[in-house]
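Below is a structure I'd like to ask you about.
In this document, chain identifiers A, B, C and D correspond to the written order of the chains, with residue numbering beginning at 1 in each.
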Amino acid sequence: MLVEVGAIVENDILSDDVRSMVIYVPEIAAQAEPGQFVMVKNENGGTFLRRPFGVADVDRNSGRLLLIYRVAGKGTRELAALEPTMEISVEGPLGGGFRFDAESDGKRTLLIGGGVGVAPMIYAARRLAEENPAAKPVFLLGIRSENELFWQDYLQDFTEEIIVTTNDGTAGIKGFAIDALPAVLDKYDIAHIKICGPTIMMEGLAKLAMARGIECQVSLEKRMACGIGVCLGCTFEGRVSGRRWKICHDGPVFPAEEVFEQ
Amino acid sequence: MLVEVGAIVENDILSDDVRSMVIYVPEIAAQAEPGQFVMVKNENGGTFLRRPFGVADVDRNSGRLLLIYRVAGKGTRELAALEPTMEISVEGPLGGGFRFDAESDGKRTLLIGGGVGVAPMIYAARRLAEENPAAKPVFLLGIRSENELFWQDYLQDFTEEIIVTTNDGTAGIKGFAIDALPAVLDKYDIAHIKICGPTIMMEGLAKLAMARGIECQVSLEKRMACGIGVCLGCTFEGRVSGRRWKICHDGPVFPAEEVFEQ
Amino acid sequence: MNFARLATDFAGIKMKTPVMGASGTFGFGIEYKDFLALDRVGAIISKGLTPLPRAGNEGVRIAETPGGMLNCIGLENPGIDSFLAEILPRVREQVGDTAFIANFSAGTVEDYGMMAAKLDVDGVDGVEVNISCPNVREGGIVFGTDPKAAAAVTEAVRKNTGKPVIVKLSPNVTDIAVMAKAVEEAGADAIALINTLTGMVIDTKSWRPLLGNVTGGLSGPAVKPIAVRMVWQAANAVRIPVLGLGGIASGEDAVEFLLAGASAVAVGAENFVHPDAVERVAEDIDAYLEARGLTHVSQLVGKVKIG
Amino acid sequence: MNFARLATDFAGIKMKTPVMGASGTFGFGIEYKDFLALDRVGAIISKGLTPLPRAGNEGVRIAETPGGMLNCIGLENPGIDSFLAEILPRVREQVGDTAFIANFSAGTVEDYGMMAAKLDVDGVDGVEVNISCPNVREGGIVFGTDPKAAAAVTEAVRKNTGKPVIVKLSPNVTDIAVMAKAVEEAGADAIALINTLTGMVIDTKSWRPLLGNVTGGLSGPAVKPIAVRMVWQAANAVRIPVLGLGGIASGEDAVEFLLAGASAVAVGAENFVHPDAVERVAEDIDAYLEARGLTHVSQLVGKVKIG
């Protein structure tokens, strides 16, 4: 965990409201693991708190970190206005990230991403593909419409198959990720599921996974001030453990049982 | 008077702490006269109020406006970090600017600029040179040291002679503008003086001018919130008229007698 | 702009939109004519008037602070008589039928009454009684932090005018509801809040207060959460309408105040930054109503859902 | 960092620098060990402790506001007993001789006394009595807005501890000097101010308060001018030392508080943005002293030149 001021290498448009930012932050890139996140701040901007974003990928050789973000409010609007060579302060890597220990069984993982929740799954997919090239992860991609298909470019190389659902039916299966899940589970022998997306989406998916006895991890989001476990803005009570978890420090990834009713 | 969002064309380094910014704001450029000022705001920045800067020059053909500014605090630091093509909001032209009616006598004008107070004098010099090429203005340039000689490049074409004083003696006459003034007044037949610089500098110069009966205008500065005469942040009581003037609206240029004791 | 959706009767003052220019930040309205259409302004609230002309405070009067600004203008104004003789006629000529509200303060209860009587003239659509200017003794803040004194001022004004009386409250108090109730009982037709919060900046170079008057009044977006909270508390405490202000910079900001219980809003320091703000905020409210299929701005007032 | 220049005895608490981490923003200190040297921290002020463990408020707890933030954590904490048994020993092990101040609040005067007695143990260098948390009933704000109640709490704490007692005041009051004097007379060794200002944000999409607890506490740079003003007023009203905080983000900010009369300062929300802030602010104060040829930070305290 450190704060590193990095130069913006790219700040590109992926769709009407989604951008990709590549930042040169070699120390953080060297440490960041899939599922961890960073908090960024434009020191010349008009926002006060840092903004949390999942680590979408890193290139340790070139010291680069990839973020993919939706322009949602003031802070992300200001981020979108930055130009390459300008500086940005990055704090990270934060949180514990995904656990991959269960994957030592060699069985296949299903990754599910919804909306910008796909971002951290890119790095997770690459990690899994590199660790077990024989059984690359299957990816269930829940997006709004075909103009968000850009995610496929990032995922292609690291996945066995990408199953797409769109809300409006402009690509893949019309509907939500949950609608496609049973068929995916029938087709592949899935032992692990990792999900990042809106809570409502994760809830349905995680319940189905738990019902089928599949090991399932979900990545949570909550408004964060500190990102390091001191402000207590992001806590919740674990369902099984009864412990008060800090999403930023103890997560953002948790076993599904800790979060959703079985 | 209008608000125009313009693209930054150049944002260059002139010295360690002075920058030049060229902005494409054709409507304001078409209206601005020497001695007027603008108030700028970076809408993606961290400051609240606009920042006032004198119009250093305009190019009406290309719709460009030149500002020359010192990096003094948070706002100007943020300005200095902007890159060409980025947008900036400009309000102006504000104030009344210099009066040139007395110059219809065809007599020569002495322009005096101190520090970044030189900025608005560039446009004034050009105007005078264009209106009376036979008697271009003489310029007394009061700067801190030789690394601020860049001003000469802007003034060269529009002046008969540039007399330089530096505080540290690294260029021109060692000392302050006031030290050079008597000799300048001896050498040239000066009927008009226009000054922009720190108050303490203007006071000495204006007193000498008034003592010699030379028509003298000074350009004032005060912290401004609105720039259009409504906040009453910038008022002062005129010495001769007894009127309460708004520097932003009624000035920033005033006859020396209104400001300094004779 | 759909004026049918926006037209607001605020305590008897007829306004084309619910968005006013706040006292001290909108001049007498006419200064803004290059930047907006004065007949699309809900109401102009004048710079604070006093019994005699005032030169205001010496020294630095403006300081930027994070997300806002401090001012210690000190109620510089030409005085009530010169306002009535010279300024009001000019204003009425230029602003058409846009509502004009005269803001004023004084050093004694009697002078408050006298001011109210003088302002009870054609061309003035209502008065806003400032008992909350932190920058001068005659600004009334002594009246604004004591419910009894606030009530006494309100009564004096009430007795001396037939115009709608808006009393402008200070946020520098422990319990805003107490102040709101005191002036309601004393006969106010409406309350306005918030005025500025008292603040101070020290120049670390000179070790002197940056402002000529030592302290100044804080305003701008920085104070908005405090203002929304106080409007909500005050609106729940009184039955008279509330004029909400403090840090409004956008239509969304204004909607927050309306939901909190304000029947109308005013834009203050933001006018300095975006001189078309009063018109733009009204347009944005209109667009907000349109997008939600609402037919009148009053459908927002006090509609915050608690619990 | 020149510790000879910075070493501060604050109401009997020995600190290597005059810069503390503010309660609720600095955890128990050890969470910051990756970002700064814990032995270069003036003092760690703990998250607010309560008699029993607390889960805090439901719903959204954090909202950014212009120049600052609102929080309604609701004093989530493991409770005094678990703090003493599990956390304090770990802290003492990791922070060396850095001062540790326990912040706490309670719902009754008796419980304040009980908390003070329990915290009168080795490893705790002083207590900060929170009578100003706006987010929970047990946060003491009812005590923090009434001078008599504040004095009663202070006396109860005073009687039950041999440690230096700092009483943390609420800025949500009409007259901070009255509150400061009340707790001084009741036996406080020092006062701290400001805690957060009560604020509210309404979500214009859902028409609900954004925060789970409806209102929250405003902090960050936005409140700094109010905090400096209150520190100045309080320091002029009492003889005991003042801990100044509210929006400090830089050494210059801290110097403002010192000049206003604070003998030490604390960094709050800025820790979230720059987790090395407590150390950096101390370094910047040191550089400020150095540049002016001053030999000790106390040479700044209360030195603002008025008039």
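Keep this in mind: contacts are C-beta pairs under 8 Å (C-beta built on N, C-alpha and C of every residue); 3 or more make two chains touch, one makes a residue touch a chain.
Since the model is a prediction, treat every value here as computed from it, not as a measurement.
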Relative to subunit C, which chain has the most distant C-alpha mean position? A
Approximate Å spacing (C-alpha centroids) for the pair subunit A, subunit B: 53
So, what's the distance in Å between the C-alpha centres of subunit D and subunit A? 36
Could you grab the centroid distance between subunit A and subunit C? Build each centroid from C-alpha atoms only and quote it in angstrom. 47
Expected list for subunit C, residues touching two or more other chains, is 63, 65-68, 220-222
List, in ascending order, every residue of subunit A touching at least 2 other chains. 46-47
Counting only chain pairs that touch, give me the topology of the graph as line, ring, star, complete or other. ring
Check the chains against each other and report every pair that touches. A-B, A-D, B-C, C-D
For the subunit C and subunit B complex, residues of the former touching the latter: 24-27, 31-32, 34-35, 47, 55-56, 60-69, 71, 73, 76, 220-222, 269, 271-276
Spell out the residues on subunit B that touch subunit C in their complex, using ranges where they run on. 1-3, 41, 46-50, 75, 91, 222-235, 237, 244
Going by the contact rule at the top, pick out the subunit A residues touching subunit B in the complex. 44-47, 77-78, 81, 83, 85-86
List the residues on subunit D that touch subunit C in their complex, please. 63, 65-68, 70, 145, 172-175, 197-202, 204, 206-209, 214-216, 218, 220-226, 228-229, 232, 247, 252, 255-256, 259-260, 288, 303-306
